[in-house]
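Below are two complexes that have subunit A in common, paired first with subunit B and then with subunit C.
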Partner chain A sequence: MIHASPPAPPLLSIEDLRVAFATRAGTVEALRGVSLAVAPGESLGLVGESGSGKSVTAFAAARLLDRAGRITGGRIRFRGQDVTRLSAADLRDAQGSAQGSAIGMIFQNPRAALNPIRPVGLQLADVLRANGHSRAAARDKALAALEAVRIRDAARRLDAYPHELSGGMCQRVMIALALAAEPALLIADEPTTGLDVTTQKTVMDLVARLTAERGMALILITHDLGLAAQYCSRIAVMEAGRLVEEGAPGALFSSPRHPYTARLVAASPTPTSTLADLTPGAPPPPAPARPNPPAGTPALLEVQGIGKRYGDAAAVEDVSFAMREGESLGLVGESGSGKSTLSRLICRLIDPSAGEILFEGGSIGAIPARDFHRSPLRRAIQIVFQDPDGSLNPRFSAFDSIAHPVRRLTELRGEALRRRVIESAGRAGLGADLLGRFPHQLSGGQKARVGIARAVAVRPRLLVLDEPTAALDVSVQAGVLRLLDDLRREDGLAFLFVSHDLNVVRMMCERTVVLQAGRVVEAGDSRDLFQAPRTAYTRELLAAIPHFRPGAAREPAEPVA
Partner chain B sequence: MTTLAAGATLRHAAWILRGNPLTAVAAAGALILCLVAAFSPWLVPYDPVASDVSVALQPPSAAHWAGTDQLGRDLLSRIVAATRLDLAIALSAVLLSFAVGAVIGAVCGYAGGRLDRVVGRVVDVLMAFPLFVLAMALVAALGNRVENIVVATAIINLPFYVRFARAEVNVRREAGYVEAARAGGEGHLAVVLKFLLPNVLPAMAVQISLNLGWAILNAAGLSFIGLGVRPPTPEWGILVAEGARFITTGKWWLVAFPGLALMLAVLCFNLLGDGLRDILDPRMRT
Partner chain C sequence: MAASRPASSRPASPWAGIARRAGRRLASSLPALLGVLVLTFLLMRVLPGDPAVFFASGPNAGKAEIEEVRRQMGLDRPVPEQLVRYLGDVATGHLGRSMTTGQPVLTDLRRRLPASLELTFTALAIALALAIPLGIAAALRPGSLVDHGVRFLCALGVCVPTFVSGLLLIYVFYYLLGLAPDPTGRIDVFAATPPDITGFLLVDFALVGDGEGWRNAASQLVLPALTMALFVLAPLARITRASMLAVLGSDFIRTARSLGLPPRRVVVTYALRNAILPVLTIAGIVFSTMLGANVLVEKVFSWPGVASYALDALLASDYAPVQGFVLLMASLFVLVNLTVDVLYGLADPRISVE
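What follows is the complex of A and B.
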């Protein structure tokens, strides 16, 4: 076949790429024929859910597949040269010497990607020297590189170790490292997962500005459609090792052609979506089973001036709020705002240093956390944890995990216990056939459902949800959110919903409390708070959420001031 | 369903052993050692303590594969008979320190604070002694008996288990399932014993195998210098000690064969431990 030479030859072109991984269970096809091209200076977003093959595609292009992975078909061309069979070192030699290195990468967990026992300045200098700079020049260049990624007081930070820097700063150092060799293509693999929204915004603005300034192409791998829409001019959607659709973000998200894209778009929370929008086709929510409490009934939960200090540092300071029976209250804030500490205080897993916790008018803050497991109210307050992996005992089957609190906190035994476990699992959307499985045999969404079934099995009155969907894919998240909302309405359960995802909190909660550095900065009705935030901090949080509006054209990323 | 699960477990073990042939050999060796220990009274060709001076100090032959000692006792029979005693001492010592160390370490790792610091320093002091000298002193002080060898060996092994359990529990104390267990109505002690220890034990089992070889060497060493087991009881350390007197006159087999048995036993358990560690945590592989 003869090609006419196109006007702008792509920087990277992938043709019908197939990658397989050798595992104990046999060969698993991770990519089943992926074709895509990136032009010089272009920004491509690669979106999809876990296991869709988006990272594998990028790793194959950067020649970073681990030993179990093998390219079984297709071609990768970089600047027109076939690099399919080259090692990472060969690629650097073939492409790097004359024109700077070929491909730079930013990884998901910046702290893990940096060498923990070497100052960041030296790590930068190592890369610079490997790219032909002298020892003397390398330090100056490293300083310039840190200044370019806008690290304040860069001269001092050169000698800092990764653990002395915050997550956002580590990611900036990673960016500086990736850019130090002046690559033609930057691959960012979930670069802001685990960072706060405001940090995410500064990091992504920085990446957008630097790649634009240097004419670098960018591949942004993300599960966040909003992020991809905001920072990429073209988006490719992947599902199960195939590229199902690509196009400009505006067109792609406003009128998706492929059903998978449509599902993904529908399941992604936006500033205006409701729970019903996320799960089209689901039956309408049951009517709330909340009895109208007679006047004078004490609040279900009342927190008065509560505080928790660790040594000299205050994790939570002087926080007060109240919740009615069956109410859903959102607790939002960035990492370090004290929202997890607060949820554990209310669950009586840790003791407060100050203040009072009242449950239906009775003080529970006075019962030490070490004895609270014997309190009759233990059953009334339950919690669902963030990490579905870590929150299940690896040695318990799903059945045992759910049965454990029932055995400890209720009188149910034998057949009655079994029925309760199966019923709770069923309400959490888990079939009885899955109950014999162990955590490693369950998917992330299934593990999250086991955690929910465990918490509702003892029929609590107040359920604390600590980032219950943070680790889940959006389509799974939509189902879990819907399930939680139904459970709340059916049982008249009160929710304390802790999350950093403001869109989710807005959908799930009637009222919202915003925390910053352990203190309440704003509280009020969710609708008012999200539409007309009163404090600068809440406004900043809301502005930092990456959003996509179906139908809206791409807004170019604003340069950092 | 249970047969299905058992089949899957066996297949899993087979898959792992194919990738670690040395571990399979070591496991087979350890199994043989245990069988020899269990059935030694029926395996020995001669009575291990019956002397017959007419055949004293004979080199290895068809009748006496490992030769005979100065009293004409069959050396092979004595080595085989010693297997039981040596393994029993090592195994009970290691299990004792494992049980005690795991509980102390787990409680310290979970509780933290002052208790953790005090126990940590005590363990440091224990480890600062030359361990063999400490074992000698303990046996000398407690009395020259087999039980005291077990206790002394257990005590000098204790710091490893305490530290190991402490570290493993410490990284898990913040795990979601620990907090979930507390929300599910468990107190702190129950969380440690019912939730944390079972999750730590597999990793500690590796330590058992590594320590077993070491404990065998320790018990033999104590007997070699005249502490603990006394002649004429067959024991590897004593056999080596007795044989050492004749090594200058060229009676090499008296030292070589008990020494070989000792070496093979230690090697088997160490290789098995290394292999188990690789299987449980492939990142540790060098």
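What follows is the complex of A and C.
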């Protein structure tokens, strides 16, 4: 997968590229002079955090900038030809249809990237026909293209619509579409964000194999340093519209020269990192000695044989576990494993079809979900949602968002309410000056903090965190994780931490439960579980995480036998 | 849950799902129809005006005569009994008799409905044929001269009442230019009687192969249809523009562009086919509104449609035609919604799966 790049004239070279976007607030410079080159057959990783300009660079090269974006300076050369001012159609003509499209692209969120009301076979045929194949040949070619991306039962999938395929399958179809035009360069823009680690591995292995087989160059855009390190021979780091550092992954990540790279590397969770590694500064406060509860004290939360069925399909089946006061429990598994359903059952947002949920010994499973908001226990169990954008009312200021549950669930009013909101926001690392702002005026990390402040403002006993940092950049994620851990230690809050990021769960949780297809396959102490997984499924999950530390305990791509 | 579904669990054809949904929708609209029946019945009874006085021989008819008319019409009975009788009549297919025309309401409606439908269908076709290209053109270049031009035309269409735009069209095309025929009715008074097959003149003339008659009917139809089309142009063009803008900004259009598909294919096959769904919904609503709201156009062009018939009956306190008209409109509304539903199922495969 890793190519030794022979000295060759670059396939794509970008020189001092500048791109500006016209926004309501005036012109925003997205790229401030980016230069990079990709040799034929080379694989380049473009990493950086959101807003660093890595996607804009790719979109400018593929002539997909939207109307508001404009190239204000610099030059893009493809195969030595200046293509900066060419339209997409001119580019194709200039390169000649015999050579196929110049640049193919695959995108984040594969399901949305496919036409929802057109069978995938026809979408493939559209591309093939645009590239000069006859209508009759297109269907056979489409079938071959689906088989090339290892879609099982490809003949039948030709007639499938995107909504009938899983996310991983949609991404394979997208790859087939991009490759159908036989491009010389494939740009993959966060191709596996939102996919499970195991799906991510199969999709990326497929991309690496196909690009190698066909001698294509690859630009992999990602925020995941491990992924870039594993699949690229060269990495370029971008920050705020500039390229700050470039080099082979080993050297770049073991001894970063630029402070931004160093920060990025430090904030990325690895199989051995601890929270203290991610966030430089004072060590976390020691956990208050939790007195052993007197014998006979019921667990904070106990789930007994719980199940949830939708029609004939069981989303969760016969799951049992218990949590002590102040404990943190991780819930991991692939999408469809039932971890979100389980967390919603415990939050009492949906009703179980079987089993019992006990909170401090009292049954709460019997209270219908739609009446639970009136229960005094609503205050005790709070939730932090995955999408910091979608879970905040866009018409509520940060203050209103945090004050709303306090008003609903407690007796605090007036000055006392205001004090509680400011105090909660402060604990979540949100300054009082930000409280008047609306969600669109806050950054992703700040929105996540509003969500956390809202959840802790009513002083809950159990906090359910549903992928709380999935949408955040690594450096922001590190800060939020640290904040959550401090909150837990100071308040004795119990955490139920739902995540697909195993490194994060390992750092955050004392115990971990692994779910597969709605059932618990393994549960136990996090340290033991991650060091010596007992089941094949857990081993597979762990092996699929891409790592970038050279000489790390485990070799990255090696499957653990 | 956005869980994947294996292709095998999909029904063999989308028709099974569509038929099931259509059946469910039809059954669930029956109570609404019943409600409409009862409500119109009661409304007619509480409105001022006594049909018995109106239909007695004259203004100086004696009290006894009025009583006699009232007894004949069954209006001396208690209201609940009248309602039960009325519902029974409707159930057996009797909509009563119009006091103004002396004909059974069913006959009148059957004779006049094709005129209204022909006018409305033509108007809708003209409106869609104008609105969709205009909406697309506006969406492809938002903020351009084209966009502003379309916006101006839409504003004009909505602002000018149909009786004004209708008269204006008559003034220009009939009086000034002499291009359009005398704007009275569906066919030239001196022309041969049209064949009576479906009631839709264009269809009937085409069936018997009468080219001259067809042209004659079509030229009578153009002005009123255009008047109505202008009125509904705005909602259709605006929704096309908005929907196209949203779709053109979506990820799969970006994909199609990145794959180098021809622009025509991107706009028509990829964008328009996705953007047409909300246009369908609005077209259904527009169609239903036009059927009833075109009374002004029917009056201006002396068009013998159901709306002007109902208006005349209402002014004469003639219960049966008004009730029949409302029932007809309600049933048509149900049918139109059903059609939109079926079209939706055909256009969007995600719906038949649910």
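Odds and ends about this structure:
Throughout what follows, the second predicted complex is superposed on the first by the 532 of 561 C-alpha atoms of A that agree within 3 Å, B and C clash if a C-alpha of one lies under 4 Å from a C-alpha of the other, contacts with A are read in each partner's own complex, and residues count from 1 in each chain.
Please note the rule applied: a residue touches a chain if its C-beta (ideal position, glycine included) is under 8 Å from a C-beta of that chain, and two chains touch if they have at least 3 such contacts.
The structure presented is a predicted model; accordingly, all values stated were derived computationally and were not measured.
After superposition on subunit A, the partners subunit B and subunit C collide with one another. Judged by the number of subunit A residues each one touches, C leads among subunit B and subunit C. Contact with subunit B, but none with subunit C, is seen for A:395 once the two complexes are overlaid on the shared chain. By the touch criterion defined above, A:116 reaches subunit C but does not reach subunit B.
Contacts of A:308 after superposition on the shared chain: neither subunit B nor subunit C is touched. In the superposition on chain A, A:172 makes contact with neither subunit B nor subunit C.
After overlaying the two complexes on the shared chain, residue contacts for A:427 are found with neither subunit B nor subunit C. In the superposition on chain A, contact of A:547 is made with neither subunit B nor subunit C. By the touch criterion stated above, A:347 is placed in contact with subunit B alone, subunit C being left untouched.
Superposing on chain A, the segment of subunit C with clashing C-alpha atoms against subunit B, chosen from 55-63, 217-225, 325-333 or 343-351, turns out to be 325-333. Considering their complex, residues 15, 175-177, 179-188, 195, 198-199 of subunit B touch subunit A. Here subunit C touches subunit A in the complex through residues 1-8, 10, 249-252, 254-263, 265, 269-270, 273-274, 347-350, 353, going by the rule given at the top.
Against subunit C, the residues of subunit A that register as touching in their complex are 62, 64, 66, 88-89, 92, 101, 103-105, 107, 109, 111-118, 126-127, 130-131, 153, 156-157, 159-161, 163-167, 169, 174, 177-178, 180-181, 310, 315, 336. Across the complex, subunit A meets subunit B through its residues 24, 344, 347, 349, 370-371, 373-374, 378-379, 381-383, 385-387, 390-396, 401, 404-405, 408-409, 451, 454-455, 458.
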